[in-house]
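In the two assemblies presented below, subunit A is common to both, partnered first by subunit B and then by subunit C.
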Partner chain A sequence: MGVSDRYDRGRRLFLEDPVRAVLVVIAVVLVLDLVRQLAVGQTQISEFGVMLKDGLMRGLFFGLAGIGLSMTYSILNFANFSHGDFITSGSFAGMVVTYVIAGGFGAEADIGSLALVGADGSVYGAQLGIGVATTPLAVVAGAVVAGVATVLLALFIDRLVYRPIRDRSGIALLITSIGVAFALRYLIQFVFGPSRRGVTDSGAVPSIGIPAVDGVVSVNLHEVSLLVVSVLLMLGLHLLLQRTRLGKAMRAMADNEDLARITGIPTERVVRFTWIIGASLAGVAGYMFVLWNGTLHWFQGWILLLPIFAAVILGGIGSVYGAIVGGLVIGLTMSVSIVWIPSGLARAAAFLLMIVVLLVRPEGIFAGRSTA
Partner chain B sequence: MSETTADGERTDATDETAGAKRGTRRWDDSLLAVRDLDAGYGDLQILSGVDLDVRSGEYIAIVGPNGAGKSTVMKSVFGLTNRMAGTVSFDDTDISESKPEEIIYEGLGYVPQNDNVFSSLSVQENLEMGAYILDEVPEGPLETVYDRFPILRERSGQEAGTMSGGQRQMLAMGRALMLEPDLLMLDEPSAGLAPDLVEDMFDRIDRINADGTAVLMVEQNAKEALRRCDRGYVLVDGQNRYEDSGDALLADEQVRQDFLGG
Partner chain C sequence: MSDDEGGASEPAGLAAVWDNDATKLVALVGGILALYVGAGTLLDYGVRQQLNSIGLLVFYIAVFAMLALALNLHWGYTGLFNIGVIGFMAIGIYVTAVLSKSATVTEPAAGSIGGFGLPLWLGIIGGVVAAAVFGVLVALPALRLRADYFAIVTVGISEIVRFTLLESSFQQMQLFGYFVGLGGGSGLILDFDITDSLLDAVGVAEPYAGLTESLGATLGLGGNPKPVFDSLYYGVLLLVFLVLFYLLLRRVGNSPFGRVLKAIREDEEATKSLGKDTNRFKIKSFTIGCALMGLAGILFYAEQGAITPNAFRPRITFFVWIALIIGGAGSNTGSVMGGAVFAAFLFRGPLFLKNVIQESFDIGAVSTFGQAVSPLISGLNPVPMLAYAIDNLAQLQLVIMGLTLIYLMHNRPEGLLGHRQEPAACIPLTGLSRSDTATAPATETDGGVASKGGDGDE
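Here is the complex of A and B:
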């Protein structure tokens, strides 16, 4: 292909699709600027490595937590605004268990304080030395309980609230879910108190330094844990959806509910498993995020719900794989964008990117591929 | 037209609806028996007093003008409408109150007109879903479906949504045949097909019927449907108008003029 050919194609792109063309130009400029910054040392390569790592962590969390949101949307046909507070609920439930076990069931601190995850600063995670390396049993038990407790909570709320109004419109369900979100959030605040607490002993987390050209990118064990748990759960879900009878039935119901019913797929059973999978992933994701982040507070999930929604919409709402890809894109954008803009605008950059992607692909990256 | 004698016992032979030439016959050895059915959507009644019989191995067509309630009859049999009065029984089991997910266990297969495949699932997965109620995918019926529609075997890994209209229709039928039903209900199987594929589709339906499966078909392509079926029902305004053998209906001057375009 000759140069003039390529020139022609470029000109045609500009004329036929100016929005896309401008976006391509902006992307090229940003990448070139990044290369310049790295070359002249304005941004160190190791610094950039840390940004990528942080973005990956955040992205894995958004993806894992977003899967449940996307599945509820495609199978139950509504946007579940209480999903963020499922994440908070799971984190607290898991941390209660972690505190109680790490605190020796009352040996190292008052059992009441342990059970309330050190409400009002009565006991800190650092005092108990909480971490994957120092208190592995407490952390593993906490992660498992985070998943299980969130599942029980979701099934309970479904039976109590959502099931009676199953065939109402998506808007009615959405508004109901906002009510559920408030109820959960303030219940958690009432029980565990409003303080933001440190829940891990960050000094006791082993880390290794990976040498980058001009410095070191340190990776600690909690980051590795988040990575391993996320990837394993995503892989497990993939196998479930693609290989098992139940998983295929879930995809079928997400695809075409009427047809699923006339082929004899028990829709209530599929709904139950949707809650089980979505809620367990939300609970575990929340717990692993708290472990990585080191802090826990009662409106955590609510704050995180917005970027999770952005991730899910960006990926193509209803698609599990879209949620994962969207999560990574949003997470990476939030941390890498500070190469070009002030860090206060990082979140805004993520949402801007979402809008831009939707301009080009209005149905998201995995458009129209419900759950498949 | 001469009065034809029913094979089964004749229990009712009067229907005074305007313009009706003869009553709709009823049999007592029917596989599917619809009696005096009133049905509709929500409060809106579409069908009133519909009678319909399909006997074992029969090939039945329902024809009639747009909005006559042809598809509604099928949906009502499968529990997808609000059934207000009358009864539906299949193989001597009353299914008037049954839900779709229960009716599938009775040996009744249904192919809706639109959205009749899972478009994001592969061809193979669509067929597997057809046999969801069994614990394992039945090898025999799967092979039979693949032999019946070789294109599906060729494309077993392809996403159903990327196939042509004709292929999707075959997949939808294949899906419904996975449980080897005694009666296959087809809602407008030729709709949206290219003209050269319509004939082929009807030939395939003939073969399914020849292999022993009773067929109940709603068709817009009334002449072709009546030519091929054993018996036909002409439905107008949600009521039975004519019922007779396909050939007799085709030969009837009144039916030709009113419903078959001369």
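Here is the complex of A and C:
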């Protein structure tokens, strides 16, 4: 391919799709500027390493939590705005168990305070020494309960709220899910109180320093746990979707529900498994995120919901792998964007990226590959 | 019979319907006010307390009705699923604030931020125009999107607006020699007063002050009666704005322009095939709605004395949605009714109830859910639980709103009130009584099975 040929193609791209061309130019300029900043030392390499690590952690969470959203979006055909509050519910349920076990079932603090995750500052996570290294049993139990509780909650809500209006349009279901989100969120606030609490003994988390060129990037055990749990769950889901009949049925249903039903796929059962998988991943992801982040509050899920939506849309709705990739992109965008913009606008940058993707490539990166 | 469709060709019938709708609305608002006054009387409220409660109630009824009307133009008429209402409100009031706060040309003291010192009416126009322009900016690219994507984009944008307002980099800057800014997390103090400046403009500030004094003395309001009358007078002002909103949107809805909007809502492809440039219509409709939302935002916050970014969380958007769905999307009369019902019963009602209960009964405070629930389990003693619930009614209220929304979507998706006769919202909200007509819904399924509601009475 000659130079003039390539030049011609470039010019055609500019003429035919100026928006996309401008975006490409902006992306290239940003990357070059990043290289310059790193070379000049305006941004330290170790600093950048920390950003990448934080972005990776957030991204894994967004991806893991986004899988459920993506699946309900493609199989049940609606944008579930209550997904964020499923995440909050799971985190709280898991933390209740962690607190109760770490608090020795009432030995170290009032059992009521433990069961309310230290509402009103009655018990702090640091007091109980909560952490993967210090209280491994409590954490494992908490993660499991987070998943199970979220599944039960999702099935309960589906039975009560979504199933009766399953055949309505996506918009009607979307509006209903906003109602569910409200009810859940403020019920959580009603029970657990409005305070934002520290739930881990963040000082006692073992960490190692990885030397970067001009400093160290420290990685702690909670980050490693988030990484390990996310990767394991994603792998498990991959095997489930590719190797089992259920996975095949799910993919078929996401593709064409009527056809799936005609073929004899028990669609209602598939829907149930969709909720089970999506909700358990959301609950565990929420719990691991809280463990990593160290704080827990009642509107956590709502705040995280929009970036998760961004991840799912970026990856292409219905695509599980898209959700994972989209999550990583959104997570990295949020943490790396502070190289150029004030940190308060990091989330705005992620939303902007989502809007741009919707406008330029509404079908997402992994377009046309439903659930596979 | 319809307030939207049929009447246009029959002026006589239209007038009759208008009377009918107006009476309905006045009766509803009057009934709500009477209910509150009655409750206040039973509780031995003083005159001052009564007037305050009425002023507040009228204020919320008017703003939610206005917002619901504006949203109805987007959703009920054009089928644009906008869940970023609060973003446009925020832009309206912030631009007004920056334009009309008193000018500061010398470096101000820390924490105080100036504005451009323009007259308030100019600031309000500026705010409305800014909201409209922002609406165009959003609409131009986003209107191509599917309804659910459009929803996510609009809610994302409203959050971007909030983050921008929160950002400390824009807290203060120097522009054309003026020290202005968005105030960051601590917000802006509004050093103007709509009520006073309007009185000044008409030249009745002095008589008004005298009137409040004498009337206050007659009614026995005690010292400083002006704020009470201010709130009442502002409520009346908002009602005037509400009437203007209503008339404007009715006019829009019945115009050829409005009929195209409804056609777009029902079937955009078909409308396109009739030679209508649907995108232009959608952009226009979206812009008008955004301008009205900006104005409603200005009226909502201008009398609050100060604004902070965190007042502009998405939940206000959902309040407006609940109001619209209560009223029934697609009907202007229904929107106003929905706004009134929402404000009176879902928004103000629980708090009113809380005040009433806390003033009439001496129930001890219970600070955590645990202290509330343990007596209930161990001794079947529900009192602490009730006390806790009442103390935290502000949160329970939102739970109730969520449940109301779910209930409405299940049972009365066409709205509790209003009397929409046409198959409205582009979503097939219901088993419509006339879903067999040519105006089949644009989206794929008609949910006629699940819902038996649709008798549309009341």
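Basically, the second predicted complex is superposed on the first by the 356 of 372 C-alpha atoms of A that agree within 3 Å, B and C clash if a C-alpha of one lies under 4 Å from a C-alpha of the other, contacts with A are read in each partner's own complex, and residues count from 1 in each chain.
The definition used in the following text is that a residue touches a chain if its C-beta (ideal position, glycine included) is under 8 Å from a C-beta of that chain, and two chains touch if they have at least 3 such contacts.
Just so it is clear, the structure is predicted and the values come from calculations on it, not from any experiment.
> Comparing subunit B against subunit C, which has contacts with more of the residues in subunit A?
C
> With both complexes superposed on chain A, which partner does A:D258 reach: first (subunit B), second (subunit C), both or neither?
first
> For A:G203, decide between first (touching subunit B), second (touching subunit C), both and neither.
neither
> Does the superposition put A:I355 against subunit B (first), subunit C (second), both, or neither?
The answer is second: A:I355 touches subunit C but not subunit B.
> When the two structures are overlaid on chain A, which partner does A:T267 contact: first (subunit B), second (subunit C), both, or neither?
The first partner, subunit B, only.
> Quick one: is A:Q189 in contact with subunit B, with subunit C, with both, or with neither? Answer first, second, both or neither.
second
> Looking at A:R245 after the superposition, I want to know if it touches subunit B, subunit C, both of them or none. Which is it: first, second, both, neither?
After superposition on chain A, A:R245 lies in contact with subunit B alone.
> Considering only the contact definition stated at the top, list the common interface residues of subunit A for subunit B and subunit C.
none
> Spell out the residues on subunit A that touch subunit C in their complex, using ranges where they run on.
78-79, 110, 112-113, 115-116, 119-120, 122, 161, 164-172, 174-176, 178-187, 189-194, 306, 309-310, 313, 342, 344-345, 347-348, 351-352, 354-355, 358-359, 362
> Give the list of subunit B residues in touch with subunit A in this complex.
Subunit B reaches subunit A through residues 78, 80, 99-101, 104-105, 110, 112, 115-121, 125, 128-130, 132-133, 159, 175.
> Could you please specify the touching residues of subunit A with respect to subunit B in the complex?
Going by the criterion above, the answer is residues 245, 248-249, 251-252, 254-256, 258-267, 368-372.
> Going by the contact rule at the top, pick out the subunit C residues touching subunit A in the complex.
81, 83, 141-142, 144-149, 151-153, 155-157, 159-160, 163-164, 166-169, 315, 318, 321, 325, 367-371, 374, 389, 392, 395-399, 401-406, 409-410, 413, 427-429, 441, 443-445, 447, 449-451
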